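Same chain, two partners: chain A is paired with chain B first, then with chain C.
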Partner chain A sequence: MTDTTNMMAKELLGFYQEELYEEARRAKKEGKLVCWSASVAPSELCVTMDIAMIYPETHAAGIGARKGALDMLEVADEKGYNLDTCSYARVNLGYMELLKEEALTGKTPEKLEKTPAARIPLPDLLITCNNICNTLLKWYENLAVELNIPLIIIDVPFNHTMPIPQYAKDYIAEQFKDAITQLEEICGKKFDYDKFLKVQEQTQRSVAQWNRVASLSSHKPSPLNCFDLFNYMALIVCARSKDYAEITFKKFADELEENLKNGIYAFKGSEQKRVTWEGIAVWPHLGHTFKGLKNLGNIMTGSAYPGLWNLSYTPGDMSSMAEAYTRIYINTCLDNKVKVLSDIISGGKCDGVVYHQNRSCKLMSFLNVETADMLQKENGLPYVSFDGDQTDPRNFAPAQFDTRVQALDEMMKQKEGVSNE
Partner chain B sequence: MSRIESIISELSSISNNPKKAMEDYKKETGKGSVGVMPYYAPEEIIHAAGFLPVGIWGGQKSISKARAYLPPFACSIMQSVMEMQLEGVYDDLEAVLFPVPCDTLKCLSQKWKGTSPVIVFTHPQNRKLEAANKFLAEEYRLVREKLEKILSVQISDEALNNSIEIYNENRKVMREFTDIAANYPNIIDPIKRHAIIKARFFMEKSKHTAMVKELNSELIALPVEAFTGKKVVLTGIMAEPNEVLDILKDNGFAVVADDLAQESRLFRNDVPSGTDPLYRLAKWWQEFDGCSLAVDTKKSRGPMLMDMVKVYKADAVVVCMMKFCDPEEFDYPIYYRQFEEAGIKSLFIEIDLETTSFEQTKTRVQSFSEML
Partner chain C sequence: MFTMGIDIGSSSSKVVILEDGVNIIAGEVIQIGTGSTGPKRVLDEALSKAGLTLQDMAKIIATGYGRSSVEEAHKQISEISCQAKGVFFLVPSAKIIIDIGGQDVKAIRLDSKGGVKQFFMNDKCAAGTGRFLDVMSRVLEVNLDEMAEYDSRATEPATVSSTCTVFAESEVISQLSNGVAKENIIAGVHQSVASKACGLAYRCGVEEDIVMCGGVAKDLGVVRAISKELKKPVIVAPNPQITAALGAAIFAFEEVIGANK
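For the complex of A and B:
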């Protein structure tokens, strides 16, 4: 066992990420079950059953960030996946094809050999949830059929009218029960409800520390640049039902608080303007987007995306857990979405908003015009939008991004003194 | 003009002129129309209210105003629907029913640019569970309540059950029609076939049923035609604009069956029997399969299409791929692989409601026809 007590948050992040992949590879070797899961599907169920988990969106993001997406996208392309579909899905479906080929032929395809991200094993089962998009239903349908393995679906219906009605929560809670029955069959053992409660409690502790980190960007100047959340997000996705996430986030929050006490801020020099970033990161160009803002003296102190994992609920209460998984802002009506973003912007004391018009993600793009308009009417803050893609590097133009954030910078500076405090 | 010709011409003119159909309905009944967005909304509730349900399927259009509200990678049909919203085309509708089975529709349900009130509801996707039926029946209860309020009417269970019967009768007659039409490809060419089906969206259903029933009996009185062209099954969201069907026709193709969201998917299954009408309507969704918008962990669409090819002795499947439609795009690689494995030929054509140039489609269809 590695001693983690003296590790910094950043080291913990790297360590646990690798540990999770290693656990999955080990499980596979030992003939235990591996599950691939959507990023905001309830992890509590499989973790209770001791199933090793892999999160393809995070894995695909990792491939993208390490500039390995194109090879996988090419494989998906050859299989007939249209360039219009989500690039996370295409990267993962491409990767799955390569793993399958390896399993069938015993030979490791070249593209798999040289892919820069962690090796992951093929799944024995799948779990998906459409609280962030229906694409995750279509993508997992395909995985299930291509691999001929069971797929557990947690369907959280789009909340067109808020508040969330009880009958929707009932439907979701019923699906938790059905998922448990399916898991009992797949695993050939009973579901341990006492352990389930403990896993839920663990999840709550992880979420609490995650929220603690996220809330620190409200300080001005801020000890946290929300770009860091894009990196730490890997653990709220992949390990929220384990103590890995809690330990890492607690450490990170402690460090940031300590920095704050000592007057050490995220922005070396002095932060000029603070922005909210709406949408997913542009993984293949993360450095460029980070520097683009930084060079102008700007820091990201608002980001709604990490808030997707603000999954607080009452352990032991299925209806409350159902609500946590369905209330995610992009699964709700426009008014609620705007309200959530508005709180993020004011919480981060932001001076402007950057919208990622994501070529891969229809759900997170098609309401940007209306969202931006409504928010501006409300808070008067300037905004810009840029074209990007979370993992297809071809859909992002650095020059356009630079011009847009420069324009935002100018608009923010013109409004000097009227910042949103 | 023969009776067959006159029925076809009447249905075609209705399908080409929804506005007039709405006006006629108003004149006749004093009641207005309610819009029905794709896909699979419980139209029966509108019918039971005495109003005319009108299908909203966009149209051939160049896109300009909608550009401000949708990026170019939104599907072609919704680009055109958005354009028409902005032009006020739908403003005479008393309300619009808006299901949200894909990410695009979820977003669009939140940004209607016309003046009519929009009633949004969500289809459950863990469809095979009983809990899904309960959820959907509850959604439909709210749809009914909202419609009652907007239209100032009462919609009784009895009226609703009655409307379901009228719709089921229409579905049955439509299934008969598509089967019969397959035997008379010279009389019912692809364009006429489409128009006869499309007229359903703008007519009180029992009227449509009566006309198609008559057409069916006129057709079967004729000897089955010898057909020398190729027979195809269409799959996808829709096969518009008519130029696409024209190209198929010009190359000697007959449509012997379809799996289009705008056509057979709507009448492949009846609403099951029962006493609670809302529950019956919900149950329809549970039993429905083989559509990219109805989640199916077994993905039965490919096998279903292959069955259709066999039953209708078709030569190939024509994939009518709506431009930028991700649910359909996700289904494609799977059924394409299944077709390849089974030796079933398929042709991929792109459906773009904005385009006016069909050269590419023409070339593809031509060379495909030579290959068959």
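For the complex of A and C:
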């Protein structure tokens, strides 16, 4: 066992990410079950069942960030997946095709050999949820058909009105129970509700530490650049039901609080303007987008996306857990989306907003025009939007991004003195 | 005191030399942009026209797509702020600016002091830009500077897609082979450019005065089509290609004055 006690948060992040992949590879070798799961599907169920988990969205993001997406996108393209399909889906479906080819032929395809991200094993079962989009349904159905393995779908209907009605929570709680029954069949053993309670409690401790980290960007100057949340997010997605996430986030929050006490801030030099970033990161160009803002003296102190995993609920209460998984802001009406973002912007004491018009994620992008308009009426802050994509590097033009964020910077500075404090 | 604004676009290079923040003593344009010999040539031309050297410039600000590659510049400012500055100087009643350049279409809404209140730009698509017109001019074998005249003779504008340059190009080719008059096709092309620009202008909230600038503003066919679509008069900025360079030169002047205060 590696001793993690003296590791910094950043080391813990790397260590546990690798550990999770290793656990999945080990499970596969030992003939245990491996599940591929959507990022905001309830991890509690499979973790209770001791199933090793892989999260394709996070894995695809990792491939994108390491500049390996194009190879996978090409495979997906050759298999006929349309360019308009979410690039997480395409990267993962491309990867799956290569794994499948390897399994059938015994030969590792070249693209798989040289892909820069961690090797993951093929799944034995799949679990998805439609609380972040419906693309996931078709994506996972395709995986299930191609690999001929069981797929558990948890239906979490969109909330056209808020607050969330009790019948919706009841329905989702029933979906959870149904998923448990399916898991019992697949695993050939009973679901252990005592263990489930413990896993839920663990999840809550992870979420609490995650929220603790996120809340630190409200300080001005901020000890946290929210670009870091994009990186740390990997563990709230992949390990929230284990103590890996709790340990890492606690360490990170402790470090940031210590920095804050000592006057060490995320922006070396002095932060000038603070922005909210709406949408997923542009993984293949993460450095460019980060530096683009940084070179102008700007820091990201608001981002609603990591808040998707603010899944706090009462352990032991299925209805409360159902509520947590359905209230995430991209599963709710425009008015609520605006409200959530408005809180993020004021919480981060932001001076402007950058909207990522993400070619992949229709749900997050198509509402941006209206969202931006409504928010500006409310807070009067300048905003810009740019075209991009989370993992298809071809859909992003660095120069276009630069012009837009520079113009935003100029608008924010022009408004000097009328900042959102 | 002299200040200079350099605007290096995707398809043209522009330099303005300003005296005391008010007199334009040189405003030069060369129709090739970043990465070419254009930036150097236009700089030399402007200096020789003004009879000045780089050392005479109190401050130099670069703008445009190629702004970060201008070594002579002391600072870079986005073309959005520079357009606003330059146009407001020339037309103080301006509320909305429609700027169509080589690869960008933008609509900018000004505040009462000429600052940028809001702006919208085209996404990753060449439809509606100067490049789009370049492509059409080649297919139609009509020079860019003759397009407005052809348009004025149109009887029934053809329909041309405004969502994709490649689609639009094949539409135009098939219309040509179906014998549609070039005049009507060109009017359709202009309408297509106008619909893209007006879409952005509507998002800003259309309010007079509306001023057009950028290289495409020299094509009066586009100006007419925009005016028709918005049902409002459209003013073409004097020397519309140099407005962003002018804005940069004014910013440079203001910064020098501000620093000396």
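Going forward, the second predicted complex is superposed on the first by the 421 of 421 C-alpha atoms of A that agree within 3 Å, B and C clash if a C-alpha of one lies under 4 Å from a C-alpha of the other, contacts with A are read in each partner's own complex, and residues count from 1 in each chain.
Please note the rule applied: a residue touches a chain if its C-beta (ideal position, glycine included) is under 8 Å from a C-beta of that chain, and two chains touch if they have at least 3 such contacts.
Note that this is a predicted model, so its numbers are computed, not measured.
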Touching partner for A:Gln357 - first (chain B), second (chain C), both, neither: both
Chain B versus chain C as contact partner of A:Pro382, first or second or both or neither: second
Partner chain in contact with A:Cys86 - chain B first, chain C second, else both or neither: first
Which of chain B and chain C A:Gln406 touches, first, second, both or neither: second
Touching partner for A:Ala397 - first (chain B), second (chain C), both, neither: second
First, second, both or neither for A:Tyr167, with chain B first and chain C second: first
First (chain B), second (chain C), both or neither touched by A:Asp155: first
Per-residue touch tally on chain A - higher for chain B or for chain C: B
Contacts of A:Cys187 with chain B and chain C, given as first, second, both or neither: neither
Residues of chain A contacting chain B in one complex and chain C in the other: 357, 369
Chain A-touching residues of chain C, taken from the complex the two chains share: 65, 68, 76-81, 115-116, 118-119, 121, 123-124, 203
List of chain A residues in touch with chain B within their complex: 79-82, 84-86, 89, 130, 133-135, 137-139, 141-142, 144-146, 150-151, 153-155, 157-158, 160-161, 165, 167-168, 170-171, 174-175, 178, 333-334, 357, 359, 362-363, 365-367, 369-370
Residue numbers on chain B that touch chain A, as the complex places them: 68-71, 73-74, 100-104, 106-111, 120-126, 129, 131-132, 134-135, 138-139, 292, 295-299, 324, 326-327, 329-334, 336-337
Sites on chain A touched by chain C in the complex: 357, 369, 376, 382, 384, 387, 395, 397, 399-400, 402-404, 406-407, 410-411, 414
